[in-house]
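My structure is below; once you've seen it, I'll send some questions.
By written order: A, B, C and D. Residues from 1 in each chain.
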Amino acid sequence: MTCRSRFIRSGWVGTSTPGTRLDGMCRWLAYSGSPVLLEELLYKPANSLVTQSRHSRLGVETTNGDGFGVGWYGTEATPGLFVSTEPAWNDRNLLDVSSQITAGRVFAHIRASTGSAVQQTNCHPFRYGRRLWMHNGLIAGFPVVRRELALAVDPSLYHRIEGSTDSEIFFFLALTFGLEEDPPAAVARAAGLVEAVGRNHGVVYPLQMTVATTDGETTWAFRYSSRGRSRSLFRSGDVMTLRLQYPDNPVLHGLSADTRLVVSEPLGDLHGAWLEVPESTCVVVRGGGERLLPFVPLAV
Amino acid sequence: MTCRSRFIRSGWVGTSTPGTRLDGMCRWLAYSGSPVLLEELLYKPANSLVTQSRHSRLGVETTNGDGFGVGWYGTEATPGLFVSTEPAWNDRNLLDVSSQITAGRVFAHIRASTGSAVQQTNCHPFRYGRRLWMHNGLIAGFPVVRRELALAVDPSLYHRIEGSTDSEIFFFLALTFGLEEDPPAAVARAAGLVEAVGRNHGVVYPLQMTVATTDGETTWAFRYSSRGRSRSLFRSGDVMTLRLQYPDNPVLHGLSADTRLVVSEPLGDLHGAWLEVPESTCVVVRGGGERLLPFVPLAV
Amino acid sequence: MTCRSRFIRSGWVGTSTPGTRLDGMCRWLAYSGSPVLLEELLYKPANSLVTQSRHSRLGVETTNGDGFGVGWYGTEATPGLFVSTEPAWNDRNLLDVSSQITAGRVFAHIRASTGSAVQQTNCHPFRYGRRLWMHNGLIAGFPVVRRELALAVDPSLYHRIEGSTDSEIFFFLALTFGLEEDPPAAVARAAGLVEAVGRNHGVVYPLQMTVATTDGETTWAFRYSSRGRSRSLFRSGDVMTLRLQYPDNPVLHGLSADTRLVVSEPLGDLHGAWLEVPESTCVVVRGGGERLLPFVPLAV
Amino acid sequence: MTCRSRFIRSGWVGTSTPGTRLDGMCRWLAYSGSPVLLEELLYKPANSLVTQSRHSRLGVETTNGDGFGVGWYGTEATPGLFVSTEPAWNDRNLLDVSSQITAGRVFAHIRASTGSAVQQTNCHPFRYGRRLWMHNGLIAGFPVVRRELALAVDPSLYHRIEGSTDSEIFFFLALTFGLEEDPPAAVARAAGLVEAVGRNHGVVYPLQMTVATTDGETTWAFRYSSRGRSRSLFRSGDVMTLRLQYPDNPVLHGLSADTRLVVSEPLGDLHGAWLEVPESTCVVVRGGGERLLPFVPLAV
């Protein structure tokens, strides 16, 4: 077989020019504000997440077909979760459920796997109690550092790990370092550990992340990378501002003043609507209030 | 909800510029010749089908993530079939099976659905006895003509229809019109019926097709469209020619002289290797022999 | 929810007489009354549908692992639908969605395939506009009569057929014969056609059915078979009666007086709670009212 | 194939003594000998694995519908693997692939989950290089001991863990303790560690196992439980003996003298064919030779 193998591999073929593939290029969205049907967020915008799952505009990796997830805070204490390994655009249950469920806080994520298995337990958002977590990016050299990071997870939490992704371990590290008490500090410590362990193993830029996490009342969104060249992150800005800028657009008056979106990629092109989140920043969204804090990993 | 719905639909958003989406842009490959591991055909070429399932070069619709199928003639009388609704690039069983099965005749297909359900019974190749069938293209206005075409299927075959695609009905029409006796004539009659029924219902260009079918010994490949602007189709040409052109490429000597490929899109860039199949043509591949016949739909 | 939950868990039943193995032994449940979390219906009862999907009590075919579906009338005009080809007991999304959605009218179905493909488009309930339909039983000799029955479907509806089951064709026949105007008459005509076509093809007992259909306000449930030996069907009887019989059971007071269940198999063992629906009967449930009508297929 | 097929269909069995319900009641089969179509092993026997997936005879838990896997040694260096989360009886690809692949060494497993996710990475057999591993049973108190056992896995292997089952960790422990050099000793050490860690955490009976592992040339099968009440395990005994006992059964002559099966449950009712493997035993099958060794966990 060697000969045939090499023939086809090198032959009939010529050279292939690899793209500037960005590993782990997922997409996510964190919504809070007026209760809204999930389908409004997932399917209706011109550059909706579901559209992005086929054709992302900001990434060289244009397809995010390796799974999907949505979490929402409805009428029950625990947030709902719907995750799927099908491409988002094909999941009829997701379409149907989205047209039936209204929520005032929604996390949604589409996944482009960087190699780990395509299975529901690897889909974001991850959930622990009332907490949700989703991540775009990667822990570099994960096969090398996975064990050491897993050992750093609180032993009482370890058995709750169900999948095999870097993102889930990152979540459990944040829980270990106090995500339920002080999210910015917990994420800073988890990021610090990831960087320290990575560098000990010779990884130059150990962490690439935009992360969103929530307890159902406040959303914390982070943009950071060891290299200082982080994945994109945008926030929706002030609905009031939009209303003033577009007095003739009645639909802008349908959402309450406290409605906010944080997204890895804008959902449309309305001028002035999207504000880029700076590097090394944590955005805290609570009600209509938004604060930007500097984000620096902390040595553990 | 109306207001929120319109808001998000028109707002935050601006205009979206729809691409020149080609409906039903699938990809397929028909191989015959030296027995080869399936993985050599599906994964190894630079622009392999699996690569195309993420990034097709010749189509505006770059993602074919709505299912996959491969049929092969192994040691048994009936061809084997492996179809999946997962994106081809994620299916570990396909990867594993492909690395274990050797066959001298292989059909493979990746699907981009135009709306019908993503389910195994809608995946190509379709099989009937020893016959395989796969199709890139569409029957225009299928919802309008579906019933009349289904009624034209031989009543003894009707109950074997399992899916909901135009491609499967097209296959059963060809079987009805004698695919097992005279494939070019049977496909011509099936195409003729599709055009007649379509035009009766006001469809201007009823048929767009590249089709491949085989009985395990001969492959017939068709390129045709009512409009005269058919999907691309290529044949591999003569392995001997390649050997003369590339005397220094030893791998070209690994495949037997009768090896042939017909593909909707070339698997690589080797100059002179791929010959475009002209419009309105049927390619007959039997052993190392290849004949090109004119293809014209026949009135039924 | 505690009270309703315990009510259903301990509740409602009677004795069961084991039947003989019948092909297509599905299970279904039609609920109307107090808005209830879906999980209360699907998971909480002692002999819940999900439990039945592993271990049915009334059938020799104890496993119904070939798919699942639930339809509900929530806040939107169109009923929601969640169907799955996974065994019900394994579907985490179903579990999660069920714990988030409250509805006052719910149809649920677990499937034991008799040979047709296990795919979402073959899962009950089927939906058309605001209508839902689910079926336990079979059209005997379906491969033989499928074509003739499909041709009898209103041509304007034919293209809406997505799957390959007898149950879906039966639904489209009922729609053809006026399901949206007069359900008992439409089902009687559809059943009459099924029997006539079957007998023309030499099938002695062409139809075996328990069927439930609803428009979101009224539920019609049918028990009939050509042989006069129909699958089991039970109704919950009067909640008021239960309250009088069990004055010490506080949970029976948690559901409104108009709550009704029609089920293919009782959900628990509470004596006297379940009334068997007689052969050849249509049960009409509207609000707290219930009427039993004789059901006889009509010649078309 | 007719002869082999009939042989297995009518063949090989004995009496079965129903056990009590045990968690994690999977079923498996380890075949070596004459090359055989996979379907002959998986589908044809009267009490085949696929039949067992619906109706096991020896377990109160009659449904094993939580996934399936088959590994085989074909023409390639690495064994092939096909795992699925669908119930085995519904997987059309498995049926098709099984009718196309011939192998002289086959491992097959059907899974009844005890709670961990139903995902391909939790399906047996597990593979590492040329090694396969499958397990019926459980590590008791796994959530409590999971972390400590995972830490005991060789750090260079840790990142290869993909799923969340006790069975996969057990495999990696055996690899850690030398499965590639001395399987009985490695499994004894892994079992010893499991028992020690379990007891440290207050688990009285930490291990329940029948395990099979192979390198493609020898199969080692183990029956053991901390309590001394292990899951059932049978071996096929001598084909020569069968031939003498049943001189009129021509099909028994179709398999070579070195054909052997080790199974968690007999595949049919042929008297005298199946020999129960005693408690605390390791069966070594190499060619036509079979040795029984005592098996005792070793302190690590």
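Note that a residue touches a chain if its C-beta (ideal position, glycine included) is under 8 Å from a C-beta of that chain, and two chains touch if they have at least 3 such contacts.
Owing to the predicted nature of the structure, the values given are computational and were not obtained by experimental measurement.
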Interchain contact steps from chain A to chain C (minimum; 1 if touching): 1
Copy pair chain A, chain B: interface residue numbering same or different (half cut): same
Chain centre separation (chain B, chain C; CA means) in Å: 40
Chain centre separation (chain A, chain B; CA means) in Å: 36
Numbers and ranges of chain A residues touching at least 2 other chains: 92, 117, 120
Category of the chain touch graph - line, ring, star, complete, other: complete
Chain D - residues contacting chain C, complex: 54-55, 62-63, 65-66, 85-87, 90, 92, 113, 117-118
Chain D-facing residues of chain A, complex: 116-117, 119-121, 142-144, 146-147, 150-151, 155, 158-159, 161-164
For the chain B and chain D complex, residues of the former touching the latter: 72, 74-76, 78, 80-84, 92-93, 96-97, 99-102, 120
Residues of chain B defined as touching chain A within the complex: 1, 3-16, 34, 36-37, 40-41, 44-47, 54-55, 62-63, 65-66, 85-87, 90, 92, 113, 117-118, 236, 249-255, 261, 266-271, 273
